[in-house]
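Consider the two complexes below, in which subunit A is the common component and subunit B and subunit C are the respective partners.
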Partner chain A sequence: MTNPLLEVKHLKKYFPLKGSRTDYLKAVDDVSFTVNQGEVLGIVGESGCGKSTMGKTLIQLFTPTEGEILLNGENITVLSSKKVRQKRREMQIIFQDPFASLNPRMKVFKIIEEPLVNFRIGTKEERKQRVYDVAKQVGLTHKQLERFPHEFSGGQRQRIGIARALVSNPKLIVADEPVSALDVSIQSQVLNIMKDLKKELNLTYIFISHDLSVVHHFCDRIGVMYLGKIVEIADKHELFNNPKHPYTKALLSALPKSHPLQEKERIVLKGDVPNPANPPSGCTFHTRCPNCMEICKVTTPVLKSISDKHEVSCLLYEELEERVL
Partner chain B sequence: MTRAIDTMTTKKTSIVLQFIKDNPTGIIGLILVFSSIICAIFAPSIAPYDPGAASLGHRLDMPKWIDDTGKSQYLLGGDQVGRDLLSRIIYGARISLLVGLCGVAISLTLGTFLGIVAGYFGKWLDDLIMRLAEVQLGLPFILLAIVIMSVFGTGIEKIIVILGLTYWVSFARLIRGEILALKEQEYIQAAKAIGGTDFKIIIKHILPNVASPILVLATMCIAEFILLEASLTFLGLGVEPTVPSWGGMLADSRNYMTSAWWISVFPGIAIMLTVLGFNLLGDWLRDRLDPNMKV
Partner chain C sequence: MGVNILEVKDLKIGFKHDKKEIAIVNGISLQLEKGKTLGIVGESGCGKSMTSLSLMGLLPSGVDWQNGDIYIDQIQINKNLKKDWRKIRGKKISMIFQEPMSSLNPVYKVGSQIVEMILSHESISKKEAHERAVDMIRLVGIPRPERVVNEYPHQLSGGMRQRVMIAMALACNPEILIADEPTTALDVTIQAQILELMKDLQEKLQMSIILITHDLGVVAEICERVIVMYAGEIVEEATVLNLFNHPLHPYTKGLINSLPNIDAEQEYLSSINGVVPAPADMPLGCRFFDRCEFATDKCQNKPSLFTTNIGTSVRCWIYENGELEGGM
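Coming up: the complex of A and B.
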């Protein structure tokens, strides 16, 4: 039995462009998905496709322009700022850059303790114990807690960030490219800590990344984003073995071969990502799509289920469906 | 390891000496600032003579140590009406420090508050405060001082208020700029994500990280205010002529510059040393307060 922990319905986040009242940068444009309790949803996409904006909008660091975010069935976009603050206890974020996400003037103990103080959890002694417990879970010693962030390496700092996110016992964690700023050797260490913690605490992750192999290693389900939209979302194995959207196919073809003799066709996309402030008409991917049809330039596809747990937003498959019917 | 033990076992005095050796500018700044504060507080006990007592017999007396006639009794000489220059300089520290410290206290509080409001909350408040600051910057300080002084009369409290109300702009603009840069930092977003209120984010995350530029600006401002008070008094817009102040002494001495150089040189040196002290202290504090600079 799976019940959705998080439901996102038609989420939009537009940023007004400087010097204009009518033009918007559509960073997140009509995104809908659900995340089940205990699941890891990966969000992949190239730089500037709106992954991080979406993550930060999900935990209400940005106010969405439109749409609903339901956490345990409760719409958190309509809550007062005071209520949102309370809700943050249940959803936390791990940031991308461990060098920018810790206050340089606070000792590590204070950094990890802060959520507990903010949410008024426990007495001073209980908080101290809780910080020590979480620090132990991420592999920090008591002595290290008395130091300042600049005395730590990137991996250690990221573990401090994870401890801070976990200390208030959240249910949902948005991990915004948590390992992309780290060395490869440290990446796996941090990922393993996150994986162990998930098992131990029954966490649900939304894991934002641009690294397909990391996502493959870590996630249960994967959503592919392009220009603020989710173009395909499916189970990990389904997506890797049977990608439907031309963009997903191109992304996957860029993965290094696991065997030198393996036959693999490399799909190279032409051109750059279009400016999100002025996206192409119809399907936003049509300017770079190898399978582009005339209809793609005028009709905007929507995310449709093509099989169990596999949704894709591409006119190629809509056509097919209609033809069969 | 042995070195660590060595330092631990050495006497306290050598630690102090080492600290002085490591921080020469800070120590010089501290000594200068500290001694002027001592002068201001304990002026009646330190000053050898009454600063107001004129004695025409000692008019324009040379400093004792260069006077070979033996007539002079004053260490730094006497002024145009025979008052002891040294005592007047010691008493003058009171005015300078009062103006410098109180002026900065006012402009720092006002500027920090408005700068935080403008930078953190932004939107129309930011526009309003920054336009106000630009209007303020458009008014020349001396002109403003002349207008206000001629309407309300002269006095040290008026100088302090005018300085405080004009120099908030420097603080507000500095803090607003720092906050705009800081707001993009992920740890400020993180502070919000872990349930911090705006007030708490400002107090715990923003203020400590803008404190060092504010502190540096404050020490520089104290120095500038001391100079401005001296200039205003020099122009006759400052404190009453009977109250000893460094600017006033400079103003009075300009007719005697060629015949009695000491009347203008010694107050000038007093201003220079105090201003230098605050500037050195500011520089040193900036370095000390940066956690990344500590080894």
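Coming up: the complex of A and C.
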């Protein structure tokens, strides 16, 4: 087995609520997981579940409230901001919106080169060569590098975003909904490029998405988030064939059919996601859970391993375990 | 065959640029049967939203209606008369939009927005209209409707807002509902709720629906017939079963193949090369020519919609004589 590249321990990110010193919005609440070198970990969840905040906290765009993030065994949460900047050579992010994440007044060449300038890598000539190399890998021509972002389509802009993330030779890439803004035919082009790059460069991805079919295609392991917590994490086949948490089950059953004749048993969840500033007591899912028990309203479940590579945070399974013992 | 409640003939929409007429919708004809759901699928910029806006007489300024007639219940609509349109909108045809936040007025209570719409079409008292609004909100499955009518849009979640939009669209019992990407902005669990609701209401109210989407999964879920649009033209029209079992047009095939399939393990997704051509420089022949792997010299000429022996119409020279090859 390979060593974990990234180890996250009890990560928390709380935002203070306006006008209050005691109340917090718990965007990420006690999340732990590991990612191995060369692995793709998918994070799925609905809007507002904290998946993007977690992505940004992982590469220290947000300072975590509590918890440790170990990159190659080194805790990066205690580093000085100067050192954190240097660490970002090794971890980069690709954003969702290819329209908003590129500076409209910079030429593409400059955009891709900028990380190298920031990290003071190489001479001008070396940087130029590096930008050309990366551009080639993502399928951009030399001529295109002299243009401005507005001259590109969504798919091409996302390639620029990928090139910028890759140029400093990172080990870990956090991809925050990288294909959500793209049309399906373009989405598959971008996913294929990302997959090629992963193989070529032995990259590790954390792939954040709300689209289960994309995550199923792209990831090795999948974590499901609900209101700032990971409620289930497992190997992708295990998660899709043998989901345990009632929320995962509902999420999978809510996927649209892939063929009109497909029979689907729907678990339609009641209501909406509760306000994260004021989450329910006990298990945060109990207000919508079809299997809710009395105990769920008061006891908070923790993520427990139920089989090899399958962890779930639900009292249904904790009880079972005790009975077996 | 049922009765066609809506018929569109040879619709052309375009705008002027550099003194040239540029067509964004180029000759669309469609029929909607009573009580059925017609899906219109295509990627961004294919003209599907413009088509739906034209059915409501809501084309933005600068965009011209160049050609085409619309018939509702076999009666032709005079597309130039604003007064006519006002009678049709909301009463005969209603529309729900993709983004429920920006299509509700943030400074009015949701109840008054529904009441306003009812009063502009029916001569009933304000009180009755208010009661109808409460009933409609109850109908779309919002708990505590008496309270929600007095709330503002920002107090509701995305799924709730979309339900309010549906309630408003249905308040005057329209015969046709146009849903433009109704679930695109919503999460999957909420999407499932809204689709169930639409199916349910269609059965109850005998509505006919045009569903515009880029999501083939949503199509599989609720449509009976499907139109696939590419670059302002219909490239394929089929029953939903034929579309999934025998997609014919190379573009449709590409679209279906580029979806990740949950039931299968794929190393790479197939994709369609290139991008949609810009409206200003459309290829003269087949508009899919540049991106098509089966393109031949013949494709320099414009194909028409050929009807095949399984009933699907397809705009591609491969099916010129109406036969499917290789016994698909």
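Note that the second predicted complex is superposed on the first by the 318 of 325 C-alpha atoms of A that agree within 3 Å, B and C clash if a C-alpha of one lies under 4 Å from a C-alpha of the other, contacts with A are read in each partner's own complex, and residues count from 1 in each chain.
As a working rule, a residue touches a chain if its C-beta (ideal position, glycine included) is under 8 Å from a C-beta of that chain, and two chains touch if they have at least 3 such contacts.
Since this is a predicted model, take the numbers as computed values, not measurements.
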Subunit B and subunit C placed together on subunit A: clash or fit? fit
Rounded in steps of 10, the angle in degrees at the Cα centre of subunit A between subunit B and subunit C is 80
(message) Quick check on the superposed pair: does A:Thr123 touch subunit B, subunit C, both, or neither? Answer first, second, both or neither.
(response) neither
Tell me the contact category for A:Thr22 with respect to subunit B and subunit C: first, second, both or neither.
neither
Item to complete: Return first, second, both or neither, reflecting whether A:Gly155 touches subunit B, subunit C, both chains, or no partner chain.
Response: second
**Prompt:** In the superposed arrangement, which partner chain does A:Ser80 touch: subunit B (first), subunit C (second), both, or neither?
**Reply:** neither
Between subunit B and subunit C, the one with more contact residues on subunit A is chain C
Quick one: classify A:Lys257 as touching subunit B (first), subunit C (second), both or neither. second
In the overlay, subunit B and subunit C get no closer at Cα level (Å) than 13
The residues of subunit A that touch subunit C in their complex are 46-47, 153, 155, 183-189, 191-192, 195, 210, 212-214, 216-218, 240, 250-251, 253-262, 266, 268-269, 272-273
Listed in rising order, the residues of subunit A that touch subunit B in the complex are 56, 59, 61, 85-86, 88-89, 92-93, 95-97, 100-106, 114-115, 118-119, 148, 150, 161, 164-165, 168
Contacts from subunit C onto subunit A in the complex sit at residues 43-44, 157-160, 187-193, 195-196, 214-218, 220-221, 240-241, 244, 254-255, 258-263, 266-272, 275
The subunit B residues in contact with subunit A across the complex are 185-187, 189-197, 200, 204-205, 208-209, 291-292
